[in-house]
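Beneath this line is the structure, given in structure tokens, with notes to follow.
Should a chain be cited, it is by its letter among A, B, C, D and E, assigned in written order, with residues numbered from 1 in that chain.
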Amino acid sequence: MSEKNRKGITRRDFIVQGTVATAGLAAASILVPAPFAIGAQAKVKVGILLPYTGTYAKLGTNIRDAMLMRFAEAGNKLGGRPIEFVDIDSEAKPAKAQQLTEKLIKRENVDFLVGPVHSVVGMAMVKMARVSGPITVIPNAGADQLTGALCAPNVFRTSFSSYQMGYPGGPAMIEDGHKRVVLMYWNYGFGKQVAAAFKKSFVPAGGTIIKEIPTPFPKVDFQAYLTELAALKPDAVYTFYAGGGAVKFVKDFAAAGLKKSIKLYGAGFLTEGLGAAQGDAAEGVRTILHYADSLENPVNQRFRAAFKAATGSNADVYAVQGYDAGELILRGMNAVKGDTGARAEMIRAMETAEIDSPRGKLRFSASHNPIHDVYLREVVKGENRVVRVAAKAQDDPATGCSM
Amino acid sequence: MELSFYLVQLLNAVQYGFLLFLVASGLTLRFGIMGIINLAHGSFYMVGAYLAYWLTDLTGSFWLAILLGLPIALGVGYLVERFAISFLYQRDHLYQVLLTFALILVFNELQQILWGTDVHGVVIPEILAGSIPLTDNQSYPVYRLFISAACIAIACGMYWVIQKTRLGMMIRAGASNREMVQALGIDVNRLFAFVFSLGVALAAFAGMLAAPVDSVYPGMGENVLIISFVVVVIGGTGSIKGTFVGAMLIGLVSTFGKVLLPEMASIMVYALMAIILLWRPHGLFGRAV
Amino acid sequence: MIDSVLRTVRLNKSFGGLIATNNVTLEFERGQVHAIIGPNGAGKTTLINLLSGDLLPDDGEILFNGRNITNLPPNKISQLGIGRSYQKTNIFAEFSCYENCWVAAQSRLNTSMRFFRSAHQLKAVVERTERALELCGLSSRRDSKASAMSYGEQRQLEIGMMLATEPELLLLDEPLAGMGSEESLQVIELLRRLAADHTLILIEHDMDAVFSIAQRLTVMVNGRILETGSIERIRSSQAVQEAYLGVGEDAV
Amino acid sequence: MANQTQDLIIDAQGLQTYYGDSHILHGISFSIARGETLSLMGRNGMGKTTLLRSLLGLTPPREGTVKIYGRDMTGAPTHKIVRQGIAFVPEDRGIFPNLTVKENLVMTSRPGPDGRKDWDLKRVLDTFPRLAQRMNHMGNHLSGGEQQMLTVGRALMTNPELLILDEATEGLAPLIRKEIWSVVREIKASGIAAVIVDKDLKALLELADRNIIISKGQIVYEGSSADLAANPEIHTRHLGV
Amino acid sequence: MSALIRSMPLLAALLALVLFPQFGSEYYVGLVSRILIVALFALSLDLLIGYTGLVSFGHAAFYGIGGYALAIAFQDASVIPLWQALPLSLAAAAFAALVIGWISIRTSGVYFIMLTLAMAQMFFYFFFESPRYGGDDGIFLFLKPVLMVGSEDILKLDQENNFYYFALSCLVASYLLLLMILRAPFGKVIKAIKANEHRVRALGYSTSGYKLVSFVIAGTLAGLAGFLEGVHSGYINPSYMSWHESGICIAIVVLGGMGTLYGPIVGAFIIILLQNFLPELTEHWQLLFGGIIIAVVLFLPRGATSLYPHLRELIRRPQRGEREPQEAADD
């Protein structure tokens, strides 16, 4: 499948059979947008807005591939209707988010909207989609507002909120015996929310935050901060970094010899999917996440094997989130037997869904944010191994949501 | 904070300055000598890092990767000069800005086609993998010292080539009077193509050296692009000495800025640049053109 | 005592180690044509650039009508009534002949920061422009694009632009350079006409032209003033003959 | 003037050269043989420098051909033309201000096209002892005379067959001029051909085998020194002396 | 009469734009609205690049500031009166342009390019890292500005078509304003500055004053574009002032044809439509996009609109018969 991705077909038909019969209709529906095409023959349009270029490109492709895999497992039918995908590269550019969302909603008249990765893109997207737009499933973006102030009946999230990335970290570190802690994070919306959530649990539990060191996003020269960190001599440090920044941070941290005296913790992205790039430097780093590659449940094992077979690359948390997004849409469409007009019923089916996700049990809160177990993991031999469950059924406070 | 803290920070600042110099030196070469603004400079840095990753993976040796990567980078530079840049020498800066801006897009996409979107790491070669204790809980990686040493070597090498060799004399002469150099029997077009390729190779070399400490990821070039421009402009275009001073200044300001005025850290280098240009409109060591 | 319009006092300017003007003290008399001659590299153009404000002197003073203008920028100097033309043709190539003069004429408006009135309608400017075109003999070429005109015409336009600013003192840097003889004659005729009611400071290599229109001559060599005086005096000066005219030198 | 064609270093026919839209050279034909010394005269702005630039490919002619040693090199890049053994000393001297005297000299030193190495740093410094004292000065920190010596010295360092001097003595003090002229004589004696643009008629008449006067982009006179010396009215008409 | 004929294509284009919402679907009306905004942004940059000769690489700063002024002032407001919001945005952009311009025009060439870039980056990071103004999350606006006449909002900008006409009016008004300015004495002077600043100074103009005024006008119009974008999308974040936006804006101006006023508008249509439709061809559309820009720089440096006279020439030539011989430039 990764081969296929490289070819870069944007409007992708995953339908194996019956394509010919519906293709003409689908083509027509682009030109003459019908508000709701009901009936078993009309295709369900799923709009995908994910980054396929730039720093977040890998996340985007994994999410998409896993979701498409879930649909393929279900015979490429949603409630009995074939699917048509409209796939757009978000480039992770907030400035374009609105425009691209508009394209999916107004021009393509999609029934479902899946995306994005980037929180800021997510906010712009959700702002347009909420209430009257298509059913929207967010497979990654973690900004609290998406299921907080911006929450809406038609907006779901299968990933996490930043709160869920920070809050479980506090008790976990206390339990590990670290009370004097430095907080380091990329100084942007998401990083700040993670840090704030961490403080919310850590300080009341008896921990002390010696210093907060917000570092400029998305810059990766950490040397000066690490020197400062060394001078502060904390027990441990809780961090939020992702992607290239995470690789660099973990490596610099190890190279500065800090691993011996300061324990490194972080939101899961610190080590997620970066094993090859981080190498030995990541050994022993503990992170908080709602997933681990090595989770020993049958769903996960089956999922990982299938994903590897389909795409040639290893599944990660993003793939899981994409897979669950596919599952959630399936649940909704199956509940209404493909009748996208039965919106309220579909939403009810989706919000009450209980999913056996590769990550474990997955439910949804009243604000449509996932409720799931959050694990404390440690990198052992390049693999994120589960140490213990850090928080059972971690919820999100959904601050500001009125729905 | 105690004195040792500031000493370590000073070390960080100098080391960062060295790396900046390495990246910016290729830029200043072209800037000053050929009058070309090359926004794609960061892309060449990225190409270098990816070459280091790819060739290390292929050959199993970081050193071999550098050895093989440099000629590739030179070749890339030569092609870019021949097929794009060489048309722009007599044109307005505007077109250079635009063309090299487009080159960024092209290189980003080529990188993605060739190497995909994963974040990669390059393992530090065995002999440089150790570290030297600095304070009771902090040590300094040998590899970083190696980078500094390599930068000093490059700086000295560039100084030597530019100041002491006939090639360097021709390059400097070409900067001041292109036509006269031609009239003395030197093929200026080839000279310029070479200088451009050399600049590309320098940027790529910086990317290769940085690959083991930095990670290798899409769009990594743009992080160094603007800052190396700031370095070059502060120093005064075309002055190797200026670039060195500029790199050190930025290293110091950005490192100590992070420690002392963290909220302003990102803005500070730009403010520094604005102040320096207000004071000296052609940079610290620049000539009025 | 002469009525001097412009005076320089010990002007010095050097570039690196090269001394371009060396202690130049000169007086230019009102209403006269004063030519500065000398070999290439003698510092003539540097001197003109200092007078017009294009260069700042290292030290020394420039007084225009008694006022110290030493460190004024070129635009202020122009506004005071000193116009200049350039050795290398320095016009707006994409503008028409008329527009070139027009921009020049317009500089004498109280303010050109006018946004809401078409420039065509400003009567005073139009008159000035027409006058300048008339004077420099380009009325018939008014709508030609400057870059499409012949070299000689461009040189005329160069002078026309200066005239459109209606200066009191004209600095002319080799107005005849590169011209054919008929063109030269035209420009010499123009200069003669201008000399009637302007003060001219002129750099020129064409000795015939210089001798035919200048009243006073200054000879510069190596940044210094070798000799200043009437034409007769210069002609008879042995030093000048040796340094510039290349006659009488023993070539061994 | 008994030149065999194969002995011509430069043989240019019917050059028409423009600067942008201005037509400077109106069909000039020009040649110089091995070992010949040629003077090129005319008032300023008459096209002397443009002729030299056309020959060297710096301002390629729009029409006409330039042959170097019988090979057509019209429109060839300048560096290829001068590599045939031509050295150019331009009017503005073209000293590299950011290079030292020594660097200016050694930068393009090379044996001649036939492998001759008559001129090396030592001989140039012996010829211009003043330069030896200024070896580490920057090019822009020299007096006009020193610059002129440097630019001639630099030209000789390429061991040329033909030296082109454009106003080499202009603006120089008499003593320095003498020095330059004596070097030119030495060059002539060593068998190097020379094209000399100058205003010093007397010096030229003494040195040149042949004289050319240009006016308005055309050759208006060509003849031996003896002939030119015998016709003073030509000087006054075309040279204003 | 001939002026009328010459402006025929422009009038036809304007007519097409005026009629467009009657035929286009809501999505396309929205898309063209965006193009109109970007066109205005590019138009303002053309004043600098195409007419004054100032290559500003930080023009997006003013675009962003125009939007931020609106968003910051009215993020918690219950109503946004247009007559307050619009002048505020324009004033903020003008002030920023005054400051940045005052600093930048002291330098020239490469230094000017880099200094404007640096100043824009300062603004970018200021908003990016400022918690008070939303950081990189930006600021949402849930209301559109209103222009109340009595108790009736006569604009109703929440209707896509109404916004479209509002944006179109702003563009046309700005176009006419610039046209007027360029015909006025001021315009003559800045064009002359572009051609030969040194000479303009020698003619007695204080060129830095003209450059600064030009910079401020351009910045203010960019602020207007930013204001419109803020209103249209209801969302403003730092990426609006990133150096990429400045780069794209330069690309639009050059691609369309700088120094023509209509060029940047054409350029905006080309670039935005390319950005919109190229991704549907291939995942690696940026390769094509970059390639197109490179091709324009190399082969069509005067922009797409420079093709128009050629086209007209091609069409006309057969009817016109023989062309007049080119007049010799010299004797």
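For this structure, a couple of remarks:
We adopt the following convention: contacts are C-beta pairs under 8 Å (C-beta built on N, C-alpha and C of every residue); 3 or more make two chains touch, one makes a residue touch a chain.
Since we're looking at a predicted model, the values are computed, not measured.
Under the contact definition stated at the top, the chains bordering both subunit A and subunit E are B.
Compared on C-beta pairs in contact, B-E and B-D come out with B-E as the pair having more. Chain centres computed from CA atoms place C at the largest separation from subunit B. Centroids of subunit B and subunit C (each the mean of its C-alpha atoms) stand 48 Å apart. Each chain gets one centre point, the mean of its Cα atoms, and the points for subunit C and subunit E are 42 Å apart. Separating the centre of subunit A from that of subunit B, both taken as means of CA atoms, is a distance of 36 Å.
Averaged C-alpha coordinates give centres for subunit A and subunit D that are 76 Å from one another. Contact of a single residue of subunit E with at least two other chains is seen at positions 125, 128-129, 284, 286, 329-331. For subunit A, the set of residues touching two or more other chains reads 6, 52-53, 216. Shared interface positions of subunit B, i.e. residues touching 2 or more other chains, are given as 108-109, 112-113, 266. Interface residues of subunit B, counted against subunit E in their complex, comprise 31, 37, 39, 84, 87-88, 91-95, 97-99, 101-106, 108-110, 112-113, 226, 229-230, 233, 237, 263, 266-267, 270-271, 273-274, 277-278, 281-283, 286, 289. Considering their complex, residues 19-22, 43-45, 91, 97, 137-138, 140-144, 167, 170-174, 177-178, 181, 199-203, 206, 216, 240-241 of subunit D touch subunit C. Those residues of subunit B that touch subunit A in the complex are listed here as 1-2, 5, 8-9, 12-13, 15-16, 108-109, 112-113, 116-121, 123, 131, 133, 135, 137-141, 143-144, 213-220, 223, 254-256, 258-259, 262, 265-266.
Chain contact summary for the complex, subunit B toward subunit D: residues 166, 169-170, 172-173, 175-177, 179-180, 182-189. Those residues of subunit A whose C-beta lies close enough to touch subunit B in the complex are 6, 52-55, 57-58, 61, 213-216, 218-221, 223-228, 230-231, 233, 243-244, 247-248, 251-252, 255-258, 260-262, 274, 276-279.
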